[in-house]
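Shared chain: subunit A. Partners: subunit B in the first complex, subunit C in the second.
After this line comes the complex of A and B, so read on.
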């Protein structure tokens, strides 16, 4: 969505599937990076390296993007941001979501790993509607 | 006139969900005309 620069805002909510071993800890890793001002760097790395998301690897990634590794590890160990993840999970359940990714584009729901072109089509529709 | 009416009807059929942002991590300006909220699982 980079091509739309100032016209599109992307917001990330966490919906870790509870039966996957590293889903929750990797959401915690993203938030630990957020606390150190490097959320998007970690976000991209997690998507790229998935499913290698065990704690040892996560700490390696943290070092790779220049995070304070001790603070990062402490955040994971104490589950510092679990409240945020829980809040997002509750929100997802209240919206009857059972799939990831799920997108809401100006509130329009798109479920699953749809082709980029499909997302783009809706974004363009919304941009055109906003111009009117 | 009729066309205008039909367009109005079809766009009214789009369901829009209200999803609170709650200060979640975001990229792009607050006032952007389009907001994409993504629920994600990294694994």
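After this line comes the complex of A and C, so read on.
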């Protein structure tokens, strides 16, 4: 994003892995942070602190990045954003996705935690194609 | 559906291992029956079970990786990386080979360390730098999944065992085939199946280019090992995690000086025969347009680089091949042949629902 600025747009969809104990609540935590304008801060922290992603720890992280902890807890307790997660899971299933992360770059599917250079090559190809 | 049925009938029309690839030397052959093990007959239920296991991330130690992590259907069952994806915190040291037409090989892995898909299937599962799952634990992880218990009972008439897991995965892998490529139609007599440029490329492939000497038969592979002295990737040689993996594998295969090993000994690790030093199995060329990067360490990024490598006579000091000296046009035709003639129908995979 830093490199290509306005030329690219990143859309994140949630596909919590069903065998991971805290995948679902972590998606909820990211969305609760989004509601308070700090999605990326929470996103980065979730990756950094994994696998310690139980509710107690998530609330700790929310405080660490300056979120309103009561609102954050309420969001998790009431599963406020479950509808968004469900919608995304349905989308993932309809696309036969079996792996996270999976990227779609202008429709080109890239499966797995591929190196940055691999993604960059495709982004460049797509930007060039878009110019034509 | 029609294609699925025709594939299944191909699979059921099993023949036993017994045809020597050497008998086919010098010729390409159109696709034909898939070899099937007589001790592991194909059935639709077993293939379906194998497919579920292939995509199930339970088969890795931390539950993040399945066979499909490194064998991605979109990429002809490779992963598009120089060296294959690795278990978290580790690094692999070799490129993920395609599983397309893997049933035709008798020597599996780049170094041919096993000779049946049933023996092959569990290697990556238990490998420390691949899926890293203890096989006793694998059995117990699957035995608590009622759908798997029922499926194994129905298909094998008994409990879930590692051997049966391997048999199911092997059955699924035997369905991963490249069929009805232009080369198949051409070899069966349809001379319009290849473009004029591809036909010129075919003539180079089978003539001046001498590709046919090792890439022959249905699978365009002699299933043998050749020391082409493919260059090492200096970045990989320096990488501490890859170094750990290289030394680990060498130690497991009783290579005495494993602690100082800075290159990939290839087949030598298995045979300890000096002629096999840095020798690797000839890969299939079916679907080769989709399996970049190339060679056992992914050092060649494109087919152009591969053609150049062979054209200049392979790696430094090798005695297996000699310079070919193709001109620019000839190289172009050869590439057209590889891309156009050897790309079969899309394998329409129905993705399984994992229990």
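As a working rule, the second predicted complex is superposed on the first by the 131 of 132 C-alpha atoms of A that agree within 3 Å, B and C clash if a C-alpha of one lies under 4 Å from a C-alpha of the other, contacts with A are read in each partner's own complex, and residues count from 1 in each chain.
By our rule, contacts are C-beta pairs under 8 Å (C-beta built on N, C-alpha and C of every residue); 3 or more make two chains touch, one makes a residue touch a chain.
None of the values given here were measured: they were computed from a predicted structure.
Student: Tell me the contact category for A:69 with respect to subunit B and subunit C: first, second, both or neither.
Tutor: neither
Student: Of subunit B and subunit C, which one contacts the greater number of residues in subunit A?
Tutor: With both complexes superposed on chain A, more residues of subunit A are touched by B.
Student: Is A:6 touching the first partner subunit B, the second partner subunit C, both, or neither of them?
Tutor: The answer is first: A:6 touches subunit B but not subunit C.
Student: Which partner does A:104 contact after superposing on A: first (subunit B), second (subunit C), both, neither?
Tutor: The first partner, subunit B, only.
Student: Figure out whether A:115 sits in contact with subunit B (first) or subunit C (second), or with both, or with neither.
Tutor: Touch partner of A:115: subunit C, not subunit B.
Student: For A:20, decide between first (touching subunit B), second (touching subunit C), both and neither.
Tutor: both
Student: Could you list which residues of subunit A make contact with subunit B in one structure and with subunit C in the other?
Tutor: Touching subunit B and subunit C on subunit A: residues 17, 20, 109.
Student: Could you pull out which subunit B residues touch subunit A in their complex?
Tutor: 11, 14-22, 24-30, 32-43
Student: Taking the complex as given, what residues does subunit A use to touch subunit C?
Tutor: So the residues of subunit A in touch with subunit C come to 17, 19-20, 96, 98-99, 109, 111-115, 118.
Student: What does subunit C use to touch subunit A in their complex?
Tutor: Answer in residue numbers: 55, 57-58, 63, 66, 68-69, 72, 74, 79-81, 85, 351, 354.
Student: Which of the residues in subunit A come into contact with subunit B in the complex?
Tutor: Where subunit A meets subunit B, its residues are 1, 4-17, 20-23, 26-27, 30-31, 34, 39-40, 43, 46-47, 50-51, 53, 84, 87-88, 91-92, 95, 97, 100-109, 119, 123, 126-127, 129-131.
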